[in-house]
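Take a look at the structures listed below.
Okay, so subunit A shows up in both of these, paired with subunit B first and subunit C after.
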Partner chain A sequence: MRFYEYESKRLFGKYGIPLPTGSKVARTPAEAGAIATEIAGPVVLKSQVLTGGRMKAGGVLFAETAAEAARAAEKILALTINGHKPRGVLVEARAPIAQEYYLGVTWDGVNRLPVMIFSDMGGIDVEEVAEKHPEHIAKRNFSTLFPFSDFMAKELIASIGISGSDLNRLTQIAATLARVFRDHGLTLAEINPLVRLHDGRFLCLDGHVDMEDDARDTQKGLLRELGIDPAEKRQARPPSQFEIDGAAVDAVDHRGVAGNVVEFDGDLGLVIGAGGGSLTLFDAIRKHGGRPANYCEIGGNPSVTKACALTKLILAKRGVKKIAVMMNVVSNTRVDIVARGVIKGVVESGFDPAEKIAIFRIPGSWETEGFKILRHYGVEYCDRSVSMYEAAGRAVAKMK
Partner chain B sequence: MALFINVEVDAAVARDGELVKKLIEVCPVNIFATGSGGALQIVEPNLDECTLCELCLNAAPPGTVRVVKLYGDKEVLTRKA
Partner chain C sequence: MSILITRDTTFIIQGITGREAVNMTRECLDYGSKIVGGVTPGRAGRDIYGVPVYDTVAAIAKEKSVDGSVIAVPPAFTRDAVYEALECGIKILVIVTERIPRYEVAQMVELARLRGARIIGPNCLGVLSPGEAKMGGLGGRAEDARKAFTKGPIGVMSRSGGMTTEMCNTLTAAGLGQSTAVSIGGDAVIGSTYADLMPLYEADPETMAIVIYCEPGGRMEAELARYVVERKSRLPIVAFMAGRFMDEMPGMRFGHAGTIVEGKADTTAEKIARLEAAGISIAERIEDIPALVRKRLGI
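Right after this comes the complex of A and B.
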């Protein structure tokens, strides 16, 4: 779950990470003017969207007076950036910057541990710094079990030649950021740029936070405090109606997962699942030249009602010609129950399951019963002797 | 309308308050409920959720509750005497 910049900053502010003066979000030009009046100096106004490229699109403007700030806010609020309407405008004091830094904490998939990354070249893509200027970047993994100490932060920052009071001030911020990351189930806590002002103070000029979706439950208190609805799902773009409807299907009852969908513009609807299996199957469909209409998660023994509602949703999506029902080998999801749900969904949508279901490949518990149902409705199915890749190929072949 | 499962209960069981209570209690997917006058009611929209657990068969006298699969060879599940 991605946070807006103003939410990230509220979180950082809670922990004492220094922010620019003001740093409040305005929903109207008048509110922006009022915040600028409070700041009583030059301000920067930033569109609050969950996408990059704000500067280029005109979503970041500067103003000297409250009246100018209100006018700038009006322009920003009317601007759509990469399809995103702004949630508001962040208004903060402009700061005289001496140097920009990068500080981030994220997950290191190779070492399977959090990693802190620090660079004295902030403001630009950290991947680019790593590639072109590796001597300007320092990284350090840390444990999820033990506290992140100030000493660890100091060692990391000093490793690229920073010393004196800069080192002391940065140490505090870095150790705090690691704490924010660990305390709240984050997958990313990033300050870019972290800036040093001419008077030696440091400020978080822009912040990014991603929270693990599964942490939303344990972090309900924090989310409420930040004004975020814990049920809100956020991606790099606003969810489509199809995706919202999918989430509603999943919320129908607590049994299993069915309805976690992401929308694409293809013609093959996917009812796929089993953790990494769904990613593999999605990729396999693409590899065979198929055009998925959605990415989907189903598993953990959803009820017939849930699987049925998901199937109906996918079939109702414009352009969907057939659906493929596929999973890895499953032990915790009953094949017969999924078969019932999917077939019911197809029938209730007014189609013939034999024609609408391109392939059914869910090997696992109660598969013999499931196969009886599939045979009864003339649906092509296969067991585990047919690989996921091959099953995906069969589904794609049926689309031609 | 159920596509996959039907549940049949003998009239004597459906009128027996104690057995009705037991059936409602054991079914994990709420296929049984109390209808008018305390008689057993089958909750049609839930029939296809039947997990084939056979708990209802064991809760009533042999042969009085039958779970019918409406697919394949139309197998009937019932408790043997």
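Right after this comes the complex of A and C.
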């Protein structure tokens, strides 16, 4: 879950990482003017959106006076960037910059340890620095079991030739960032750029924090403190009503998964198994020229009620002509229970299962019982001798 | 032969009285696995299908020799259960629990390394050596597992539990049995990656080829490609890549937590290019896997 810049900075500020003066969010132009008056000097105004490319899109503006700041805020608040409307405008004091740095902590999936990355070339894409100027970048893993100690950050920063008071000031900020990462289930804690001003002070000019979804339960206190609704999803785009309704289906009871859906604009509704099977089937449908109306997860042995509610949701979606019910060979999910739930959903929606279900391909546990039900309703089904790819092809063929 | 487990491997199930764990106990026993005990704190003295339940791992370890443990406790208690098993000297841990915070997974993996133990998972279905034993929910009921998995020369590794069974079933239908199938787990940080398990398959004289299931996200495929090139692996590998559609939708989450694409190196297109450059064959469809394996083996 990505944090807005202002939320990231609030978290950093809590730990004492130095921020620009002001650094408050305005929801209206008048509020922006008031913050600029408090700062009493040149300010920068930044659109609070969960997407990149703000600068290019005109989401970052500068102002000398409060009146100018209010006008700039008005422009930014009206501006949609990559489909995202701003949550507000961050107003901060501008300061003359002597040097930009990069500092980040993230996961190293290969070593399965956190990694701290530091560069004296900040403000630009760190992957680009790593490629073109490897001598300007340093990395170091740290333990999740043993304590993080300041010398680790110091060694990292010193390794690219930084010394004197810069080294000591940067060490404090880097060690603090490692603690922020450790304490809050983060997958990324990044300061870019981290800047040195002409008077020698360091500031976090822009910050980026990602928290893993699985840490939300243990981080409820922090989320509340930052004003983040624990239910907020924050994917690459805001969830649609269909997706919100899907989550409600999943919340009905704790058994199994059914209702983690993503909406698309096709005509073939999908009730497809969770995890890898769903990725494989989604690819197969597209390869056959089919147009999925949704991505969906169902598995972990969901109840009849859940499978039924999910089927109804997908059938109620505009433009859906038929549904395909498909999974890989299942181990713990019962074929008969899914069949029962799906058929119930189709019937309760006022359709004929034989007509509405393009194909049913779930082989495995309790399949004999499941196939009996499907036969009774005249639904086309197949066993494990028909591949996932072929089953997807049969479903797509029926759409023509 | 097989890797990780044989018919003689003894293991316990932590969280054995949970609904899913009770089913898993039945399935594993029916398949021939040697489950020597179960743990649920406060439930000592009961039994699950004849498997005695204890309060602590130490209580079992004092009486019996224990090679492994399946961890099937809720996410909030998983780390403690894993530490308990590691401190009792257990060397192979299968963590089936989903939704464990990444930091805690990294802590378990780090302690396992210090203790010379191996973790499979989390968020996985475990390990199955056809005709030998199964450790975890992989393959489901013993009768279903016997349909999908058969003994033979192919090593199988998969980030998806369900697709492990699907691929083995396809291999079985084509007359290609498996040495050991491992559901390695779908999270971004896991105990054993493809590259971690390769040396075990290399050392197994029965394994002649490897089949893997891949997804977008993470550096695991790149690490395998590097391993194969640097170690000059004797084993031909066939890979199936799912989730190709995700390349068009960066930042969206589909399926496993590990599939979130964060950089260019995580996309399926980039992974396929890397795997191919290392001499790994890419199957377009699951049903193409057996023919590709035969071609690589020259049979």
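FYI, the second predicted complex is superposed on the first by the 288 of 400 C-alpha atoms of A that agree within 3 Å, B and C clash if a C-alpha of one lies under 4 Å from a C-alpha of the other, contacts with A are read in each partner's own complex, and residues count from 1 in each chain.
Quick note on the criterion: a contact is a pair of C-beta atoms (placed from the backbone, for glycine too) under 8 Å apart; a residue touches a chain by one contact, two chains touch by 3 or more.
Nothing here was measured: the structure is a model prediction, and the numbers come from that model.
Touch criterion met: A:283 reaches subunit C, while subunit B stays clear of it. Of the two partner chains placed by the overlay, only subunit C lies in contact with A:143; subunit B stays clear of it. The partner that reaches more residues of subunit A, of the two candidates subunit B and subunit C, is C. In the superposition on chain A, no contact is made by A:82 with either subunit B or subunit C. When the two structures are aligned on the shared chain, A:347 is found in touch with subunit B, with no touch to subunit C.
By the touch criterion defined above, A:328 lies against subunit C but remains apart from subunit B after alignment on the C-alpha atoms of chain A.
In the superposition on chain A, A:37 contacts neither subunit B nor subunit C. In the superposition on chain A, A:273 makes contact with subunit C only, while subunit B stays out of contact range. Across the superposed pair, subunit B and subunit C touch subunit A at no common residue. Residues of subunit C that touch subunit A in their complex: 20, 23, 75-76, 99-103, 105-107, 109-111, 114, 125, 137-141, 144-145, 147-148, 158-163, 165-166, 169-170, 173, 186, 188-190, 213, 215, 218-220, 223, 240, 242-246, 249-257, 259, 263, 285-287. Subunit A makes touch with subunit C in their complex at residues 107, 109-110, 112-114, 127, 143-145, 182, 185, 187, 212-215, 217-218, 235-237, 262, 273-280, 282-284, 286, 295, 297, 299, 327-332, 364-365, 384-385, 387-390.
Listed in rising order, the residues of subunit A touching subunit B in the complex are 303-305, 334, 336-337, 340, 343-344, 347, 369, 372-373, 375-377.
Listed in rising order, the residues of subunit B touching subunit A in the complex are 3-4, 29, 48-49, 51-52, 69, 71-73.
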